[in-house]
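Two complexes are shown next, each including subunit A; its partner changes from subunit B in the first to subunit C in the second.
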Partner chain A sequence: MAYSDKVLDHYNNPRNVGSLDKKDPDVGTGLVGAPECGDVMKLQIKVNPDTGIIEDAKFKTFGCGSAIASSSLATEMLKGRTVDEALQIKNTEIVNELSLPPVKIHCSVLAEDAIKAAISDYKAKAGVDAGAAQTA
Partner chain B sequence: MLKFPIYLDNHATTPMDPRVLDAMLPYFQDLFGNAASRNHSFGWAAEEAVEKARKQVAALIGATSKEIVFTSGATESNNLAIKGAFEMYAQKGNHIITAATEHKAVLDTCKRLEKHGARVTYLAVRPDGLIDLDLLRESITDKTILVSIMYGNNEIGTVQDIPEIGRICRERGVLLHTDATQAAGKIPVNVNSDNIDLLSLSGHKMYGPKGVGALYVRRKNPRVQLTAQIDGGGHERGMRSGTLNVPGIVGLGKAAELSAQLMPEESVKHAAMRDRLQSLLTAELDEVYINGTMERRLPHNLNISFAYVEGESLLMGINDIAVSSGSACTSATLEPSYVLKALGAGDDLAHSSIRFGIGRFTTEEEIDYTAAKVTDVVKKLRELSPLYEMVKEGIDLTKVEWSAH
Partner chain C sequence: MEHEHNCWQCGSADAGSLFCRYCNSLQAPTPDYYHFFGLPRTLSLDATLLQDRFYSMSRLLHPDRYTRRSDQEKRYSLEASSILNDAYRILRDPIRRAEYVLKEAGYEIGEQRSKDVPPELLEEVFELNMALDELRLGDTDVLPQLDEMRHKFLAMLSEIDGQLEQLFRRHDTVPTDEDRSRVLEQIRSLLHRRRYIQNLVAEVDRQLTSRNA
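And then the complex of A and B:
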């Protein structure tokens, strides 16, 4: 099958590859997918606690070219948005931007799941911290 | 000098040998006759060419020319062998034994027959890809009419012990069909010493043309009869009607003759290239797994899983090399290879597998380039792989709660 130029570009030059410190309270980590399904995405965000803005995002993906491109694009979309804005990102934006064919739509769904999982991890951690601050 | 793209997918199909093309060309125009035309020279010339090809194909597998039925390819041969035997021997029984790692042309044929009253046993294979001969023995009942086990596997290249399987079938009075599409012309196959009753082969897997194949049907000890699946003018001793594809058959014959001649030299050369590719890849990369036994394997096959790297993304990175993957993303069904799954290695390794198929025109330079390129891309993709990172951190991936989707 032929890949779109944008998928090829993200595959050949993936953006924001890497890992952030999972233990950092400002970092949210999402790990979605499963090895036996053929794709696993790890997506991390680092949030500025004062502004609520995502200042950094990193990913690592085991999966096909479209899965790699979807998560690479997701990290680009996340940076500079607030956590609440990031929650609005829909997989269809990724599909359109990368011109994904129907059989690859699940890759974009997985990327959206990864975003949501990372944010929910961040919120859970922030919530615990806030709780701790209140009781102190 | 390397020429791109490099073709290492010779299990899918092979390029035609120029000598095969030369042999075929006259039969498209000057010698265009119908081999069934009995009363003029056009027909005689075509018939003579077909009979020569029949001898060439027979010689490749130790058969006699009267035992060769020309078909459109191995898929048709498999269909004719299994459906034809099922119908013909309905009085004797309805039980067929095959294996989980067979080609779909065998498995789906068996599945269809199940709707028509067949009882089919799909033998599991051992982790090395071979069937358990004791399991085969135990599976044969007095209702068993046919055992269909492929000679060499199209994905993992494993070579079943057909001579022994044939002996077991002969002892129990059961017919043996073997799909020898990948093995014929690559390793010695002999219908007599291997006790084979029915054998399928294809032209385009041995440097011949597409759209032509053959079914060997034993004529003596025992005489095997099949119910025709295509009715018409009664060609091919009534077993396969339809005007003979004379140029294709000539090509198949020539391809069979060349393969028989070249086999001693080619099988050694290809095995050496295969072993070189394997050692280059394993020297540079960790967590590389060979799928299927190396002990009994087609000389031109290597099937490797590069753990923590998904197959399609690897193919994308080596886009100047033509190979196949068992990954779900590369299949029409979006399911990972059922052959690799049958080995019990886990779906994750099926997703990470690449099949290399060496051919007559492969060069050592191409092998070296391929090894270097694959190594580079696997390393790059492992940098990108959360799984590789987790394993390096000491996390046991089997203990992680994955969100299967």
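And then the complex of A and C:
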């Protein structure tokens, strides 16, 4: 199966690879995994506590090209959004943007889970009621 | 356990499994491994008992014994011998046995869910992948760390095996089907975690040997 050009682009030039200080109270960390393929995805956001806007996002993913591309795209989508806007991101947006085939949809689900987990962690740290933001 | 049918040879009802209790002719073998061995569907199994049955049934069902019998019995003895070998291979291994019972009870084994992997384990997996990455880049400083992780994963595996043993006993003794389903669900989740960890260990071993090769 061939990867789409967009997947290849993100795979070859992943955006925002790296990590943020986990102990920073403004940083939320989401770590999720898909046991069936062994993928692990770590996604972190840094939120401006005054505005609620995500100012930085980093990821590190061990997995297939689609998983790396999904998380790379996710970090791009996160930057500049408020935490609540970020919660609205659906895996289908990632699927569409990357033209993921059906067998790779779980990679986008994993990325959505990672976003929710990171936000949930941030909210827990910030003492906000996590509410609908549940870790997967 | 019920496996009621009429004997193909003498036509008696309630012929019994394996051999007809009236005319002693070999019957069509049941494909259910527990029924086949005449054992209750328990997850804890006495290995010696199973082995004894396997040997005695191997003798009784061996195709050599049926060379002068009817074609029907010849065919049944071949079928039964093949089921016997499969059944023994599966039932004597606790993990495969549990997978078999789950599958027969309608559980999907292949489909794993994220929640089968606890967060602490994910941390370990992430660290492991980081270390393996560094090793691939030629950093041998991570070798002791990898070795330590490998041991940790092996310890997790034996812990899981202990938990499985307890769950097996509970499965065999719970009073209701509902309770049993709950236990089976827990077993399913543990089996997935077990396989996941096993794959991790295999991956570490693969990387370490390919480095030495």
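To be clear about the criterion, the second predicted complex is superposed on the first by the 123 of 136 C-alpha atoms of A that agree within 3 Å, B and C clash if a C-alpha of one lies under 4 Å from a C-alpha of the other, contacts with A are read in each partner's own complex, and residues count from 1 in each chain.
One rule holds for everything that comes next: a contact is a pair of C-beta atoms (placed from the backbone, for glycine too) under 8 Å apart; a residue touches a chain by one contact, two chains touch by 3 or more.
Since we're looking at a predicted model, the values are computed, not measured.
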Touched partner set for A:Pro35, first subunit B, second subunit C, both or neither: both
Touched partner set for A:Val17, first subunit B, second subunit C, both or neither: first
Subunit B versus subunit C as contact partner of A:Ile68, first or second or both or neither: first
Greater subunit A contact set [subunit C / subunit B]: B
Touching partner for A:Asp121 - first (subunit B), second (subunit C), both, neither: neither
Intersection of subunit A interface sets (partners subunit B, subunit C): 31-36, 38, 40, 42, 60, 62, 110, 113
Interface residues, subunit A side, partner subunit B - complex: 3, 11, 14, 17, 19, 31-42, 60-65, 67-68, 103, 106, 109-110, 113
Residues of subunit B defined as touching subunit A within the complex: 308-310, 312-313, 316-317, 327-329, 334, 336, 346-348, 351, 383-389, 397, 402-405
Touch list for subunit C against partner subunit A, complex: 110-117, 119, 122-123, 125-126, 129-130, 133, 192-193, 195-196, 199-200, 203
Of subunit A, residues touching subunit C in the complex: 31-36, 38, 40, 42, 60, 62, 110, 113, 135-136
